[in-house]
Amino acid sequence: MNFILDYYNYWIVVFLMMAGFYIVISANNLVKKIVGLNIFQTSVFMLYISMGKVSGGTAPILVEGVTQYSNPLPHVLILTAIVVGVATTAVGLSLIVRIKRAYGTVEENEFENKDDAI
Amino acid sequence: MVEQHLSVLPILLPLLAAPIAIIIGRSYLSWMVATIASAGAFIFSWQLLLAALSEGVISYAVGGWPPPWGIELRVDAANAFVLLAVSSVSTLVLLYARDSIQKEIDQSQHALFYTAHLLCLAGLSGILLTGDAFNLFVFLEISSLATYTLVSLASDRRCLTAAFRYLVMGTIGATFILIGVGMLYMKTGTLNMLDLAERIHVYDSSRTINTGLAFIMVGVSIKLALFPLHAWLPPAYTHAPSAVTAFLASTATKVAVYVMIRFIFTIFGAEHVFHEMGMDIILMVLAIVAIFKCSYMATVQSNVKTVLAYSSVAQIGYMVLGISLVSVTGLMAGMIHIFNHALMKGALFMAVGAVFYRVGSVDIKAFNGLGRQMPLTMAAFTLAGLSIIGVPLTVGFISKWYLVTAALEQDQWVLAGLVLLGSLLAVVYIGRILEAAYFQKLPDNVDASKIKEVPLLMLIPMWILVLANIYFGIETSITTEAAGSAAEWLFQHTRLPEVAQ
Amino acid sequence: MNVWAGIEPNQLISLSILVPFIGALLVVATGKIPNLREAVTLTTSVILFSIVLAITDYTFEGRGLSLDVIELFPGLGIHFVVEPLGVLFALVASFLWIITSIYAIGYMRGHHEENQTRFFCCFALAISSVMAICFSGNLLTLFIFYEVLTLSTYPLVTHAGTDAAKQGGRIYLGILLSTSIAFLLFAVLGTWSIAGTLDFRAGGIFDANANKAVLATLLVLFCYGIGKAAIMPFHRWLPAAMVAPTPVSALLHAVAVVKAGVFSILKVVIYIFGIDGLKELATTDIMLYIGAATILLSSCIAMTKDNLKARLAYSTVSQLSYIVVGALLASSVAAAGAALHIATHAVGKITLFFCAGAIMVASHKKNISDMVGLGRQMPLTMAAFAIGAISIIGLPPMAGTWSKWFLTIGALESDKLIIVAVLMISSLLNIAYLLPIPIKAFFATAKPHQEPWSWSQTKEAPLACLIAIGVTSFGCLALFFYPQPLVELINLIPGVSTSSNGEA
Amino acid sequence: MAEIIDLVLLAMLALTALRVIFLKDLFAVVMLFGIYSFLSALIFVNLDAVDVAFTEAAVGAGISTVLMLGTLALTGRKEKPSKHSSFLPLVVVFVTGAALIYGTLDMPPFGHPDNPVHEHVAPRYIEESPKEVGLPNMVTSVLASYRGFDTLGETVVVFSAAVGVIALLGVRRKEEGETPESGLKEHHVLRVVAKLLIPLVILFALYVQFHGDFGPGGGFQAGVIAAAAFILYALVYGLPHSFAVIGPRFLQILAPIGVLLYAGVGLFSMYKGGQFLDYNMLAEDPIAGQHYGIIIIELGVGITVFAVMLSIFYAFASQAERSNVQ
Amino acid sequence: MLLLDIISSILLIAGVFFGLSGAIGLFKFPDFFTRVHAASVTDSIAAILIIGGLLLQTSFDLNTAKLLFILLFLMITSPTASHALAKSARHGGLLTLAENKVKKQEHTSHG
């Protein structure tokens, strides 16, 4: 029981990651791929944030009388990572728009057989 | 002043030049800015290499915060050496790009091209110089985003799908690295590479650390296009603008190889990775398969850029093979090949770009009869091709020599034989192109007067690289010393498995 | 006669390599004016020969010349050393280059060949790399210039530019490059990792306790890696290269390429393994018998060929294996025979090729069946052909006699009677496929009734060709009556001697 | 208590993710994604990561969703049923998941205060940063000072994203534009309310920008919020009008200026004789120096993020308008 | 103090109730307009009640001000949002239940 209490968080996060990862590699529609990518990354962020949590701690903002703070470092890392994520998303989406204009479709299997393979 | 900040300047110069280039917005001026910045980065990285060779290691605490609390830039022979290759190729490519992109990229986007190129350079330099695992991820993303942009700048619509595939694969890889780093951080509580290296060995047998290692390895393997994970590379290199391909093929994957070396030797320790995890076997097998499978693929392609792209994957196989031998000589062979392959592939892709500039196609048929029409370009292509094959007096021979010697050191006779057999396939795919160029007649529908040599600004960088191919193939002391001391440095500062001692 | 006395002896080596190289550049420079270009070629070749003569003098004086050029790897670099065997080869090559270029001038003009400048340029380049091979002081140098030779002769093979030429060139380059990279380089690296050095040393470089099995493997790798020696099954490139113009065939099959191959094998045997070391290796005999098989098989194939050049090519294959066999017999006398055979076969075979070329220029005949009665048309050529043939067969009073003689003695000495038998049989086969050509040409009659022969009907090749043919066929005779200089030279080779009881 | 909330939220996340997998209607998928990232923002709050939650809400639930919707407007909202089997992906995912689960088994237990993460580097941030950097918000001080180089990299990432989007989509210049018929003319209520809100939103953005040192917030969030204000304006009054207020070309200047501002601080500290980005050098009193440095670089981040987000939106919006016009 | 707590909890519970009912309505109601109606219940009255409850929890400091601001914003935005939704639906040609009925009858009477 204690074991589960210690790890349930990580496990669910892993499940979320894999859900996102599955969408990325299985989806045929490019937009959905990007959505999956975002879910994947957001779940990884959750992994980081969960490791920064100190039970009984508060947000790492100095307040009188509070001694137990959660770890600020993962928060910083994830702030950066979120930005990176949105940057990638933006570029990916604009690629999709261009692909739509060039091929008339955003379904992978459809535009793949419009050109020779490479 | 300069000496003090030597290790941050190669990152800073392109990083500052990129915004300036886009503010200027004019094609010519932004080209000037980009070239000057890149040249400066080259000079600094040269001094940096000398400094690293003399001092061993240079540590630079960004923000004045001592590691592990602040971010540290940590320069030793290994990354200074790779950085030199990257910045030099970047400078040459920028010289070359001036004319090359006129034909391939819309005038209005030239400034964007140079900006993206500078960002990519800055990102790669950052990856090389940083001593912080997470900072590495950030710079990895900078270079990747810039790369996706560069690839998608081409006029052919297929570059879009190629770029998208690259984006998805690359992001997955980066996320895997992120997961891995997170696991290391979780166990050790630090992100500084050196600190990690010290604290990680407490948990060598920990399942978390091993999983982290696995995820980092997979992520990096995607970035360096190790065999089963190379699917993104051929289309990306084929459809990107020639200048971009020349730059990426000779730098991006190399930097990824460096990252792999850094993680294996500095952070995890060769002893753990190879001896306990048995990664050397996996890497070796994958490398061998890569060499043969992809060299074979290269022999059956009709698009010359694709041929060279597959050959790049195969060559990466050689580098990884060098790493997987777990010996100073093997690692040295890998490092030397990082440098030499940059020279070869840079020259080859530049030549192909020159052909595209004149003929407007890079199909192997387009090369027919070019031996007469563009003698200098094809001569450059020939020499660089011989270098890929590994003919004596070229750098390719040097790399192969050290690789095989490293294999024989450990009585891996079969392996040595396989390496040499692999280079026979190079004879085939380079030979096909040369034959087309020198023995086929120019097709009748094109008029010979139009197909002439490319502008000087394209020829000069090409030939600088080609001559470098020959110079470093004869005067090997420089590369050998640098790579050798890099390899020794890495080995002194890692815990070794018995085999290497 | 030493005009080069002024020059620091060691520099003669670099001169001998640079002179033809510079010659090549001059040829390109003077390409527009054919006469000047040919003059350049001839003078260069003469200068080169004189240099080699000077080097020979030093060798007889017992002065070892050596030259370090550059260090490619720690303790290993491009390094030249003059030793008797190399000098022998250098003499043959540089002398025959003069003759070949005289001949080539006549041939190329008589045959109205395309882009002759490229031809002469590559020719000179090939000679320059041959010189480098002759004086190479370690395996690495040998290997490097072996490759350079391959690449520089490739344009010569594909000179015609026809599809056939391309096909031939592809086979030529394919086999030579592949074998050299896959086997030779491998063997070189293996040697490097075992012995720790690649220098040619008298008596070999492997110490006694080196793993014999590995050495045996290395020997096989060397024998096949040196594809230019055309041991079966890697002999295909030689007939394939027959598409080249005749002077090239002469150069390839008599002077430069093939001889470079067997020369390398001799070098490896004498200076890497050492003749005594060879005895202990299991694979020596295997390779020996493969060589013997090559001799017989290729002779048989030669008999089936009607195209003259093809027949000569296969005869070359078999003759090369003589040298390989001589080297692998692991006896000093046989080695001497092998070395001598380099020279004698050179003069003999080049004569034959010159004749073949002359016939092609003069009467545009390729096939032997058409040459019946040709003697009436070109008596001098056919006479020369007969001389060359006899020399190849090894009958007195021709040069070939000596080399075969020593080979046979060597075979007897290391009592390998099978090899003796092989040598005898192959001589008979040689008679069977070479002699009929001149005989038919002179005595068989093409037409049933014909007017008596007179000079009026002769239609000989260009004068330049005839001169060349004359010189070489005279050489065949001369080397029979006066082989001493060569023999002495060979006796200088450590561990090799013509006297059967071992010591020189 | 916290655990239970955590658990509930995670369960909702899992359900959302599963729905996303099986839904074919991309509009719903994107909406669910918005919900997903909003839920995760809530989780972040619950795990004391207020800054992260702020950002995630602004970016994931905000910008990303808007961009995705913009893309859908151009690419259509239905996903076609795909033929190729989902077997291989399943295998890959299961292997990866198994590896991760295996990895979790040695992870330090969730939330224990004596985990190595809390033992090694972080303590200095928690204990010293108020003295060394002088900010109550440790996240900001770590972000801007200790790991300022990361944040510079982050800013550059945003900048390069803008470069990419502009290179790919370009931005239709105003002058070539047709009569401003776009926007929501007939929605008078909306127009009035928007007029009312936009100043407040911008005000809030400034608050977040400069209050970031003391509470959650900072340049990045502020930039996004400010951009949101203009996006609202563009949506309600149409692109041409917002182009008139802030033109794309201007943004293209603004974005790099933010980066230069940030890097300039570093250069200045180098000129002052310190390391790159060493704020102690900016003033005699190191604490004051830290303050100046952090405020300026946060400003740089804010400017860049604002400019980039807005120009990305412009790029997508002008695409949409183009397709509407055609 | 206790009194405040009781009141605030009552407010909160009421808010939660309305929120839930709004959500249920969102699912249960037959057509678009009715659903918008249900939703707007959630973000008007429910929001007011909950924030009111929270206000009573605070000790009348900065947080109070913030909560008031939030309330103000909600009061402005959420009705606007519902309005915009409904209006654009109308523009899109969506009909209410009643109108649909009428239409049907017309069809039947005509045909």
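We just call them A, B, C, D and E in the order they show up, numbering each chain from 1.
Assume contacts are C-beta pairs under 8 Å (C-beta built on N, C-alpha and C of every residue); 3 or more make two chains touch, one makes a residue touch a chain.
Treat the numbers as computed from the prediction; the structure is a model and nothing was measured.
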| item | value |
| --- | --- |
| Steps needed, at minimum, to go from subunit C to subunit E via contacts | 3 |
| Other chains in touch with both subunit B and subunit E | D |
| Neighbouring chains shared between subunit D and subunit E, ordered by label | none |
| Chain nearest the overall C-alpha centroid of the shown protein atoms | B |
| Winner on C-beta contact pairs when A-B is weighed against B-D | B-D |
| Per Cα centroids, the chain farthest from subunit C | E |
| Centre-of-Cα separation between subunit E and subunit A, whole angstrom | 32 |
| Centroid distance [mean C-alpha coordinates] between subunit C and subunit B, Å | 45 |
| Length of the line joining the C-alpha centres of subunit A and subunit C, rounded to whole Å | 71 |
| Approximate Å spacing (C-alpha centroids) for the pair subunit A, subunit D | 13 |
| Multi-partner residues of subunit E (each touching 2 or more other chains) | none |
| Residues within subunit B bordering two or more other chains | 134, 138, 141, 145, 148-149, 152, 179, 185-186, 191 |
| Where subunit D touches two or more other chains at once, by residue number | 100, 104-105, 107-108, 115, 117-118, 121-122, 125, 147, 150, 153-154, 157, 160-161, 164, 168 |
| Touching chain combinations (by label order) | A-B, A-D, B-C, B-D, D-E |
| Of all residues in subunit D, those that touch subunit A in their complex | 2-3, 6-7, 10-11, 13-14, 17-18, 20-21, 26, 29-30, 33, 36-37, 40, 43-44, 47-52, 55-56, 59-60, 63-64, 67-68, 70-72, 74-76, 79-80, 82-84, 86, 89-90, 92-94, 96-97, 100-101, 104-105, 107-113, 115, 117-118, 121-122, 125-126, 130, 136-139, 142-143, 147, 150-151, 153-154, 157-158, 160-161, 164-165, 168-169, 214-216, 220, 305, 312, 315-316, 319 |
| Of all residues in subunit B, those that touch subunit A in their complex | 134, 137-138, 141, 145, 148-149, 152, 157-158, 160-161, 163-164, 167-168, 171-172, 175, 178-179, 182, 185-186, 191, 234-235, 238, 301, 303, 306 |
| Subunit C-touching residues of subunit B, taken from the complex the two chains share | 386, 389-393, 398, 400-401, 404-405, 408-409, 413, 416-417, 420-421, 423-424, 427, 431, 435, 439, 474-477, 480 |
| Of all residues in subunit A, those that touch subunit D in their complex | 5-23, 25-32, 34-36, 38-39, 42-43, 45-46, 49-63, 68-80, 82-91, 93-98, 100, 106-110 |
| Residues on subunit E engaged by subunit D in the complex (per definition of touch) | 73, 76-77, 80, 83-84, 87-88, 91 |
